[in-house]
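The structure appears below as structure tokens.
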Amino acid sequence: MDQHDTLPSVQDVAIIVGGGPGISSSCARLFAENGMRVGIAARNPDKSVLQNLEKTHGVRRYACDATEPAAVELLFQNVVRDLGAPTLVVHNIDGRVPGIFRMGITEADPSMVLDTLRNSAFSAYLVGQHAARLMRENKPSPGGTKGTIIFTNASAALKGFPMSAAFAMACHAKSGLAQSMARELMPEGIHVANVPIDAAIGWTQEDGTRAHRLAGTTVDDNMADPDCIAETYLHLHRQHRSTWAFEVVLRPWVEKW
Amino acid sequence: MDQHDTLPSVQDVAIIVGGGPGISSSCARLFAENGMRVGIAARNPDKSVLQNLEKTHGVRRYACDATEPAAVELLFQNVVRDLGAPTLVVHNIDGRVPGIFRMGITEADPSMVLDTLRNSAFSAYLVGQHAARLMRENKPSPGGTKGTIIFTNASAALKGFPMSAAFAMACHAKSGLAQSMARELMPEGIHVANVPIDAAIGWTQEDGTRAHRLAGTTVDDNMADPDCIAETYLHLHRQHRSTWAFEVVLRPWVEKW
Amino acid sequence: MDQHDTLPSVQDVAIIVGGGPGISSSCARLFAENGMRVGIAARNPDKSVLQNLEKTHGVRRYACDATEPAAVELLFQNVVRDLGAPTLVVHNIDGRVPGIFRMGITEADPSMVLDTLRNSAFSAYLVGQHAARLMRENKPSPGGTKGTIIFTNASAALKGFPMSAAFAMACHAKSGLAQSMARELMPEGIHVANVPIDAAIGWTQEDGTRAHRLAGTTVDDNMADPDCIAETYLHLHRQHRSTWAFEVVLRPWVEKW
Amino acid sequence: MDQHDTLPSVQDVAIIVGGGPGISSSCARLFAENGMRVGIAARNPDKSVLQNLEKTHGVRRYACDATEPAAVELLFQNVVRDLGAPTLVVHNIDGRVPGIFRMGITEADPSMVLDTLRNSAFSAYLVGQHAARLMRENKPSPGGTKGTIIFTNASAALKGFPMSAAFAMACHAKSGLAQSMARELMPEGIHVANVPIDAAIGWTQEDGTRAHRLAGTTVDDNMADPDCIAETYLHLHRQHRSTWAFEVVLRPWVEKW
């Protein structure tokens, strides 16, 4: 008897907020291959990488500025209309504004700091809030889960690095949000998880080449493979509610920590 | 040879941002009694408790909305003009907007969440940024310290409680800021500390009565005494740079944790 | 492309140290069902639950007092001889001596404390040391893993509870061991994981009835289901080395934390 | 009103277990200078540095192998007889056996691992147990404290470094002990603190020269000055029970963390 006994009797619907060639694309592919209806939201949903996902995996694309309350509300309305009530929501927005990386505490313009907070932590709140509202009404899966909310996070959530105050603030805030939501929603059957990726992500290229997935190809596997991250997200979604993980830090074998 | 050998040869100037009857008043009194010039900033600096501090301890009062970059810049200009360059800066703003406490994730209006982030974490960034700029130019104290920046924080910085997502976000963000600043500024001789108070604060009343400070008076010492918190802040400021503490959690003897 | 692409081309051999009706039995079954050769070691390998595992899943049983260096050395020699070099080692010993639970700091006899340290942390060291020696010589799996070492741990590893000093010491020590081994061995291709279970374990009964695995059976799923724990262990073993998790805390949906 | 209002009306008696030229000597001097009766215990109490403490500060010396239950019991009996019931107990034993530092997981002889656990964590248990027994009978100080128990710890308590498994185990175990004791004893008025020193200690030399204490002498203040550590220990002992700190990590301004 293995985990596949817990495959959904209700239709699994996944929505990924924040879309590009990395984690979001890997998630979209893996979720679709496992029978879910999948949507992906991005400021610009017409990027070729997202168009390809639609073609190859039937992924629905949505335009959404996730820092705007009304836009996030509309997104979830459209997802429900098009795909059904979501059972798996991934917030996958990094949120750093251009130039903020490696900028000292006395150099950054305050507006960049506020924008980073809005892009990352505030949008996570908005997405989490709507996900929670809808999931409360879901029927539990065979594993007892009404829905799973996953926040992609970064090592800056675990440690505030120098020259990186705004990003440390945003990532820590996202962790605080995830923790509060987990303690509030898990007893209602909603699984909330925080997944700091302690690594650079090894981008999967549009031509489909993948540098470090196969045996013997050790090149670049010092970077996290987004396909492997997606597998852990799927595992989290499938965990029985008797044994949920809240926080999983993923890092490559050679990473210093 | 005790810690008083390290008393400043340079004039100690303290500015406390966020002023009321609790930690800020206790700090203002203790710092003044130990020879510092002290300023206190608040949205409304005309509260009677602050007026009393001016009368009894010569504390300078400043009006400041610490969520506004220009207002914080002006505050520090005025402090330098009136008192000299600060050597000790305390950010003491809680930042919760009315109604946000004990409000579920799906109930809070997004604007309340953003306001909480601005009041608490963003104002901490602004205050920390200006403090760092000025302290870099200070001469070191006998203990090797160019200045001390202390962030008053809450147990929500350590643990995201349910029904409290916005506050968890803000407190976590403040911790992330403090950590990043500590790693960036400590090697420059600026001591940055994060002090989560894991307790309700036992308010000192305006008539001067203090419930739980003296021997035998055990009433209410399940709440943190702000006078005692101020003593730890002073200790942090006086620590020699060979042995700085970054994070000190203060909690009453009977607190569950 | 899903995780099954990374199924081993080399023979997977699992050895579980510490055997009873809970996590160890669930792991033994799941690992055997996924094509591994499986051994289980216990002080008394003749318990009926272990004899049943031999019958139903071909699990090899070993007698071993894991607090004795020579016994652990012999165990691994025998495993290599019988099953091959291990690729997955689970240390699953709790180690509390009778009576130590809920015993105050001034009540416990020191010998009970030392025994708890030996049973839990010291035996984990011995098992981890031999596992590391052997795994260094393994060929990497398609996912780049020479072997996986998993330490079952408890919430006492995360938080030292009152009336429980000896167990807090042992569980913390096991975490320290796991961390040190992870930092040392992960760059050699050996995946080390620490899995604190923040829950009582819902014992699977010998007649095969399982209280809380199936849909609609909500009875007792406030306790961790060992079958579900085993699934997370298998997921950890299968993670690609570009994205390893070190620590995964598993807790039921209704657990307070 | 400053912290000196809380100076003891009862006689303060300090006993430091683990004695040498560093933290223990600095504590003994500072505690004696602040009016305490002070004892120091070591395997060899006849070291010249300890004999000097007796001459200059009236410190009482005790021979004690703190890994032996009977020896620790006798030590506390003798301290009570000679100095009175202790109000401040410092466990200051590092416990690493020769050769264990920078030794890989597969190299260390198991007996070295067990000795490190006994020297550090188990002796801390014994000392903590006797301290707790005696302190329960003390009258509270004006600050409400029946006694303070401080465990000197190391950065290995916070992070398990590679090539250092045994020390990581021992330091983590000591943290687990301290946490459990704090949660158990703080509500009884006994302050328990864990103080990881994240640095090399700058040894104070026997001729009295101190490299980095005075202004302008920046040589070597990348190492922790034990005199400054002692000041934080004294501050912890004097904290009012409404605002106790449990864990204080001390590190030099230039330390990476």
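Going by the order they are written in, the chains are A, B, C and D; count residues from 1 in each one.
Keep this in mind: a residue touches a chain if its C-beta (ideal position, glycine included) is under 8 Å from a C-beta of that chain, and two chains touch if they have at least 3 such contacts.
For each chain, UniProt lists the protein as follows: A, B, C, D = Oxidoreductase.
Small disclaimer: the values here were computed from a predicted structure and weren't measured.
Common contacts of chain A (Oxidoreductase) and chain B (Oxidoreductase)?
none
Based on the averaged CA atom positions, which chain is farthest from chain D (Oxidoreductase)?
A
How many angstrom lie between the CA centroids of chain B (Oxidoreductase) and chain D (Oxidoreductase), rounded to a whole number?
30
Using CA atom averages as chain centres, what separation in Å is found between chain B (Oxidoreductase) and chain C (Oxidoreductase)?
Their C-alpha centroids are separated by 45 Å.
On chain C (Oxidoreductase), where are the residues touching two or more other chains?
183
What is the complete set of touching chain pairs?
Per the contact definition above, the touching pairs are A-B, A-C, B-D, C-D.
In the complex, go through chain B (Oxidoreductase) and note every residue touching chain D (Oxidoreductase).
Of all residues in chain B (Oxidoreductase), those touching chain D (Oxidoreductase) are 1-3, 9, 30, 33-34, 140-144, 183, 186-187, 189, 191, 197, 199, 202, 212-215, 218, 221-225, 227-229, 231-232, 235, 239-254, 257.
Under the stated contact criterion, what part of chain A (Oxidoreductase) meets chain B (Oxidoreductase) in this complex?
Residue list for chain A (Oxidoreductase) touching chain B (Oxidoreductase): 69, 104-106, 108, 110-111, 113-114, 117-118, 121-122, 125-126, 128-129, 132-133, 136, 156-157, 159-166, 168-185.
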